[in-house]
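Given below, in the form of structure tokens, are the structures.
Common to both upcoming complexes is chain A, partnered first by chain B, then by chain C.
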Partner chain A sequence: MAELSIENIAKRFGETEVLKGISIDISDGEFVSLVGPSGCGKSTLLRIIAGLEEQSSGDIRISGQSVAGQRAADRNLSMVFQSYALYPHLSVGENIAVPLKMRRMTGLQRLPLLGNIMPGAREARGTIEQDVSHAAQILEIGHLLDRKPGQLSGGQRQRVALGRALVRNPAAFLLDEPLSNLDAKLRVQTRAEIAQLHRQLDATFIYVTHDQVEAMTMSDRIAVMMGGRILQCAAPDVVYEDPDRIEVAEFIGSPKINILPVEVSGEGRLSLLDQPLNLAVPGANRGVASLGLRPEALRLSGEGAPIHGHVVHSENLGSELYVQVEVTGLEEQVTLRTMPDRRSALTLGTPVALDFDAAKALVFDADGARLRKLRNLSATTSEVA
Partner chain B sequence: MSATEPPVTCVAPAAAIRHATKERRAAWILTAPALSLMVVILLAPVVIAGLLSFTNYSLGNGSFDWVGIHNYEKLFTRSTYEKMFIATLTYVVTVVPISVGLGLGAALLINSLGRFREFYKTIYFLPVMATLLAMAIAWEFMLHPSIGMINRTLEMGCGTVLERIWPFMANSCAERFPLWLGDKRYAIWVVCFIGIWQGFGFNMVLYLAGLTSVHRELYHAAEMDGVRSAWERFRLVTWPALGPTTVFVVTITCIRAFQVFDTIEAFWPQGGGPNKSTYVMMFAIFEKGVQQNLIGIGSAITMLFLAFVMFLTLIQRWLVERKVHY
Partner chain C sequence: MTRDWWKHLILILGVIIVIAPFYMMVSYSFKSPGEIDRGEGGFFGRQEMMVDERCVKLRDPSREDIAAAALRFPDTTDGNIRNALVAEAEADCAVRPVVFNYTKAFSEAPLLRYLLNGVIVTASIFLIQVVVALPAAYALAKLKFWGRDAVFALVLFCLLIPVHAIALPLYIMLAKLGLTNTYAALVVPWTISVFGIFLMRQFFMTVPDDLIDAARMDGMGEFAIVWRVMLPTAIPALLAFAIFSIVAHWNDYFWPRIVVTGNRDLFTPPLGLREFKGDGDGSYFGPMMATATVIVTPLIVAFLLAQKRFIEGITLNGMK
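Let's look at the complex of A and B:
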């Protein structure tokens, strides 16, 4: 187990700059997710950490030691691939044993038939077998050891891939979208299991995913990547409640955050659809800005509410109800979260008035940067974050 | 289903049966053309050849006699046919492993190239595309004992250090260079060499196709698992993934090797090379069945040939189903 430090990593493929100076420190035993849309460079970063790809500039340190120029086989990192990448001709047990065989046995000892009579081969095979069955026990795949990967279900293959990664106690685990080939139900279950495994092993995990739910539920910290940069790296609740940039706010959270165009007038007072709000951003430049409201920050209200519209769609998830509201004067629809018992009152076409919780309002300037100095004009002044 | 539960189908049973009969009849009518063609052009000739192999029939004769297993007896007793088996097996056992190995090697090398891939592919594939008969004539010129390019080139080695370290060179310089096509010690190996030269490009193409199906992530997984050498990578990832391709390549090469004919016909149209050392099965079938009009014995060799090929195909099926499908 070890801490990792990634220092100013850049990667160019010809003219295209895929990573533009990524720095992140990962402490021992931490679970860090790299999350972002497709093509943001997260997988490339993971492969650079693994040593499967070489960075154009920057350095990576594992336990303080630079691994520049060290090939993947020598970095003592384990990786779980999206396709699992199990050797199809080897049984589950043999698959898990590969990393141990490659490290603990000599080339001669690994030979198919002759290997058995080489000195030390028998003892090496014995200890490898023990370690394999220990790993299988942790993942509860002991009964599958003699099967071929082709005979396993997706979830079982995924466990075998994890087994192959954890069998040799690596410095850190690198997981590249390991759940994306599983069906929805299994994904939720495996998510919990990987999080448990992390607690059990107390190892450093770097987890790449495009699914923000996975990142939110499993990680100690999330690094939101976009366009080859880390936009924000913080604990899941911080990234959700206190995003630094509008892109982060839009990417994290499902359903997506509602972004409403607002006008900053004199003294930083905000107005929505030409209607002044009880919110001000002292010191902000006049002009357009964006008001971000999570679906749970909105609430149904009566007359005098700032947002008016009518219901165009509703989704009942059983425990909560999401209502799409078409707002008069706005192109984009607004999503509201409410209790399912309100459903009968919110049939299609029903006119609704929406108010929001000023403490949960997120304001971003025209460039997408967060404006943190919010003042609630209706009540006492509140400083968010 | 329990008795109380009604069957789920809603069609009345009688109608359903009528419908099924109709469908079955239509199916037979639709397959009939293909089926009859298959019988007429594939199965019937084999059966007829099988029957003829027990007769002394000649083309043009009005009648024939049944001779029992006489033809087969000849095959296993006469020295000509012993030479036939030796020549055929020598050819197959030499050409198959070497051309498969070279095909694989060339495919791996080409696959590792960034540029010039197409260039090398075309070059290695040229002999496959060329007519072997025409190529054989070119080879005949090159192998000519006195004016041929090969012996001329070898002669340049006389008087150099080669003569001291290579006994063949010393002998040849002292006496004469071999009559490649006229010497029974060399003839079959020359044929083998040309067979390999002509055939490995085809195997290379098949292996190149096989290599595209090797999952790239497996190489990365192997690297993460601590595989450092190219050889280990080949053993752990490439070779197992090429299993199905290899079985196919070996079978095809075997069958093609059993079918070798053009080279021998071009070099020795009068019969099987010096002392029948290159009297391969295909040539024997041609000689007996066509040139000498001995249909009976020709058919017997054909049946034997078919048995070999069938045996190889069955082994291939078995291997594909048991061993290389993961």
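Let's look at the complex of A and C:
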């Protein structure tokens, strides 16, 4: 177990700059997710940490020691691949034993047949077998040890890949989209199991995914990556509720956050579709900005509400109801979360008026940076009334 | 069925064209010289007893034989004794044509020795080809290095060079090194198979990169990856290559004929066929075809055993 520190890593493939100076410190036993759309460089970063790819500049320290120039095998990290990458010709037990055999046995001891009579080979094989069965026990795959990977289901293969990773007590686990080849139901189940495994092993996990739900549900911290940079690295609830940038707000959260174009007038007051809102951003430049409202920040309201439109679609998930509203004057539809019992009142075409919770409003400037200094004007107006 | 009949007709015609020489070969190996000459006797021949004339000639009685046999045939002339002895020899030398052909095949020339040579030469060639081709194919498929595409282009280019074009320079090189009439002359020119490198490279391209990265994480070096990961996953492709390589070198007549001159201990099976060629009378077709049958049988058996995996290897989809 160890802490990792990634210092200003950059990676160029020819002219294209894939990583533009990534820095992140991961403490011992932490579960950090690297999340972002495909092509954001998250897998490249993981491969650089693993030693499978070399960085163009920057350094990586494991337990304070720089691993620059070290081979992947010498970094004591283990990796779980998206395709599981099990050796197709070896049984499950042999697959899990490979990393131990390569480390604990000499080349002579590993020879087929002849290796058995080499001194020390039998003892080495004995301890390896013990460790393999221990790992198999943790993952509940003891009954599969004699099978070939081709005879296993996707979920079982995934466990074997995890087994091969955890059998040698690595400094950290690197997981590259390990769930994306599983079906939806199994994915939810395995998600919980991996989180549980993390608690049980108390090991450092670095988890790469493009699925923000996986990142949200499992991690201690999420690093949201886009265009070769980490935009924000914080705990899941912070990233969700308090995003630094509009890209982060848009990427995290399902259904997606509603982004409404607003105008900043003098004194920083915001107006939506030429209607002034009870919200001001003191000190902001005049011009366009964006107002981000999560589906749960919106609420149904009566006359005088800032947003008007009609229902075009609704999705009932049982515990909640998502309603798509086409807003007059806006190209994009707005998603509203409400209780399923409102369903009968929100049939297709019903005109609705929407208000929002000013405390949950997120305002971004024209460049997408968050404007945190918000002033709620509704308190004062209500006093006047 | 009704709509596809013409496809089957074409296939059946093709099969007949391919099978016919084999049919003739096996059939001739069963027949007596007379039946071969007259083209009669069906597939197996009539298998009537025939007289091996060479055997009779070898036992042609000399003066001493006649004198020694005088006790057995009392009260008769030497001429009659001689006739009786010849009749005895003819009776002893009467054999079934099939037995005649196959015993001749093994006795006239050291066919077993030739077969052993064939095994030694083809196995050495194949093993060394694999030892060279696998790492080369791995590097060309999975490693990134400067000039890789140029090297691969050269490999493809080498596929275009016909063997016969470089036979003479090769022979001169071997002769200058004093290697003609050795196993080395039969093996060395074929140890680097560009076809093998190409075939294995194409197969390795289908092996997922993740598998190689996983092996690297598990602590394997590049050579360990070649032998411990790539080789076992490439068995079907390797089998396909084995068939191409072994068939080509087992059946090769051209190259052994050039570099092996005189020393019959180094003859490969196809050279053994020369033992029966053109003695003017053409009566050795039977043993010759028996030899040919013996030579091709191991290959056909090997192909039938490996057939399924061979086709897997040709279609190049070892892993998903």
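Throughout what follows, the second predicted complex is superposed on the first by the 379 of 385 C-alpha atoms of A that agree within 3 Å, B and C clash if a C-alpha of one lies under 4 Å from a C-alpha of the other, contacts with A are read in each partner's own complex, and residues count from 1 in each chain.
Convention: a contact is a pair of C-beta atoms (placed from the backbone, for glycine too) under 8 Å apart; a residue touches a chain by one contact, two chains touch by 3 or more.
Every value quoted in this text rests on a predicted model; they were computed, and no experiment measured them.
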{"item": "Superposition on chain A - do chain B and chain C clash or fit", "value": "clash"}
{"item": "Which of chain B and chain C A:R103 touches, first, second, both or neither", "value": "both"}
{"item": "Touching partner for A:H89 - first (chain B), second (chain C), both, neither", "value": "both"}
{"item": "Which superposed partner A:G36 touches (first chain B, second chain C, both, neither)", "value": "neither"}
{"item": "Chain B versus chain C as contact partner of A:G268, first or second or both or neither", "value": "neither"}
{"item": "First, second, both or neither for A:A50, with chain B first and chain C second", "value": "both"}
{"item": "Touching both chain C and chain B, counted on chain A across the two superposed complexes", "value": "47, 50-52, 71-73, 77-79, 81-83, 85-90, 98-99, 102-103, 164"}
{"item": "Chain B-facing residues of chain A, complex", "value": "47, 50-52, 71-73, 77-79, 81-83, 85-90, 98-99, 102-103, 107, 110, 148-150, 164"}
{"item": "Residue numbers on chain A that touch chain C, as the complex places them", "value": "47, 50-52, 71-73, 77-79, 81-90, 98-99, 102-103, 164"}
{"item": "Complex interface listing, chain C residues touching chain A", "value": "208, 210-211, 213-220, 224, 229, 232-233, 235, 319"}
{"item": "Complex contact set, residues of chain B against chain A", "value": "215, 217-218, 220-229, 232, 236-237, 240-241, 243, 325-326"}
